[in-house]
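Heads up, the next two complexes both have chain A, just with different partners, chain B and then chain C.
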Partner chain A sequence: MTHTLDITKEHCPMTFVKTKLKLAQIAEGDILEVLLTDGEPLNNVPRSATEQGFKVLDISKVEGNIHKVTIQK
Partner chain B sequence: MAETKKLSLIAFSGEFDKLTAVFTLATGAAAVGYEVNIFFTFWGLDAIKQKKGRSFVGGNWLTKMFGFMMGGLHVTPTSRFNFCGIGPKIFRSLMRKNNVATLEELVEAATALGVNLYACEMAMHVLGLQQSDFIHEVKDTLGVATFLELSEGGRTMFI
Partner chain C sequence: MFDFTEEELTRYSRHILLKDVGVEGQEKIREAKVLVVGAGGLGAPVAMYLAAAGIGTIGIVDGDVVDLSNLQRQIIHTTPDVGKPKVESAKETMNAINPHVKVVTHKDFLWASNALDIIKDYDFVIDGTDNFPVKFLINDACVMAGKPFSHGGILRFEGQTFTYVPGHACYRCMFKTPPPPNAVPTCSQAGVLGAIAGMLGTIQAAEALKYITGVGELLTDKLLTFNAKTMDFRKINVKRRENCPLCGEHPTVTQLIDYEQGTCDLASHKK
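Then we have the complex of A and B:
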């Protein structure tokens, strides 16, 4: 199952907090697509997801400074 | 073996801005996989009181008076620009307007992320507070020795 989370309007630390809480909610094997802005969220959300044992499948640019990070639990 | 990432914070200050710093660090660290401990002592205990406004919590008339003056999370003053309590209201409104998490939202996120909250036994004794005066997420009442043991091997900050 694929879930979506938009954190483009969030600021530190809620960018990480919302991602972490959403990843905790979804089932093992589910996909989470996170919409985020470049800078701190783009640099660190995929890195911390990988460090915590999640699989970052893809990072792609959506438009402007918005990117989509696809994470598998 | 991977090194355990651990952050232990000593929340000594009871001011709105400093508590915001405590909970920003705590939630951010917990969200990126750190084990986080917060040890609340003295003025910092105001952040975890069940009664979030002003109430006479304490053991005797003097500590009850202190409890009333110190208050809880909703009435914490700012360390600068407090303006008799208007300052925190202005900051809260600025934070909401700019989509930045407020102190209350950060506390809620910290408990949702499983941040370990501890209260200082000595300060509680001085201020006549019991563990039942605190929110139920407070795991335990500790002294220095246990805090040092808990924080061993990680980073510690005093705010």
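Then we have the complex of A and C:
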């Protein structure tokens, strides 16, 4: 199952806090698509997710400064 | 599941960011019930850090009122609190730090007659007391009830602590009986560097949080001691003893005991 999370309005460290909350709420193996802005969120969220044992499947540009990070739990 | 509000997510963000705690660990912290015995030098930092951490229910036991001489180390109380019951003053500070925490006050000392009844509602117990009779009472009650607890003691520039979990060494495995009354001075007689209380109390708070979240290795079967004059820390391996009078194979301590207090302790408790 695929879930989405928009953290484009959040700032560090709440970007990853919100990502972790959503990841805790979904089932093992599910996919989470996270919409975030470039700069700090784009640098930190995929790196932290990988460090904490999640699998970052893809990072792609959506439009403007917004990117989509696809994470598997 | 994991229904944290926006305010709670921000408040606990530094816990949630930790790989070993996360949302799941914070949920365990929120569901936990911890009893702090003594709202003094050790109980003050323990209760403040546990409240800040978001422990759902914190019980606090103390029959004393705040005295001016407490303020040098008992940082949960402030100058306007002098004369107020310690449990009330402690509750005010804890709820000022974190209004989400339910603080249950027990305005009494722990005795053989009430110990089991008070500890029964809690998952983890903190020994923040200043005298041997109550330290043995907490140990005995927790071993009998199968409750984990953190032992803590401070004097002058030194501190010691260990964590009891059922199946591991208890206080009586290390020290069979309390020393005779007045044989060992208490803080009120010998003095204590105030910051030592913070050093030891925060270790106890960390042990409680580690137990609740299941993170890391506890101070079980280890006695941690330190001397702040040299800042030497030692971890001494201890073993559960088969001939322990309490948790051994043939226990001789089968009911709770109110050991005799030193005269100075009694005087301060009767105030």
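By our rule, the second predicted complex is superposed on the first by the 73 of 73 C-alpha atoms of A that agree within 3 Å, B and C clash if a C-alpha of one lies under 4 Å from a C-alpha of the other, contacts with A are read in each partner's own complex, and residues count from 1 in each chain.
Note that in this section contacts are C-beta pairs under 8 Å (C-beta built on N, C-alpha and C of every residue); 3 or more make two chains touch, one makes a residue touch a chain.
Since this is a predicted model, take the numbers as computed values, not measurements.
Asker: I'd like to know which partner A:25 touches here: chain B for first, chain C for second, both or neither.
Answerer: After superposition on chain A, A:25 lies in contact with chain C alone.
Asker: On the A-aligned overlay, A:13 touches which partner chain: chain B = first, chain C = second, or both, or neither?
Answerer: both
Asker: Once the structures are superposed on A, label A:44 by its partner contacts, choosing first (chain B), second (chain C), both or neither.
Answerer: The first partner, chain B, only.
Asker: State whether A:52 touches chain B only (first), chain C only (second), both chains, or neither.
Answerer: A:52 sits against chain B and chain C alike.
Asker: Identify the residues of chain A that lie in both the chain B contact region and the chain C contact region.
Answerer: Touching chain B in the first complex and chain C in the second, residues 13-14, 16-17, 20-21, 48, 51-52 of chain A appear in both lists.
Asker: Going by the contact rule at the top, pick out the chain A residues touching chain C in the complex.
Answerer: 13-14, 16-18, 20-21, 24-25, 48, 51-53
Asker: Residue numbers of chain A touching chain B in their complex, please.
Answerer: Residue list for chain A touching chain B: 9-14, 16-17, 19-21, 44, 48, 51-52.
Asker: In the complex, go through chain B and note every residue touching chain A.
Answerer: Answer in residue numbers: 24-25, 27-28, 30-33, 98-101, 105-106, 109, 112-113.
Asker: In their complex, what parts of chain C are in touch with chain A?
Answerer: For chain C paired with chain A, touching residues are 1-2, 4, 9-10, 13-14, 16-17, 19, 22-24.
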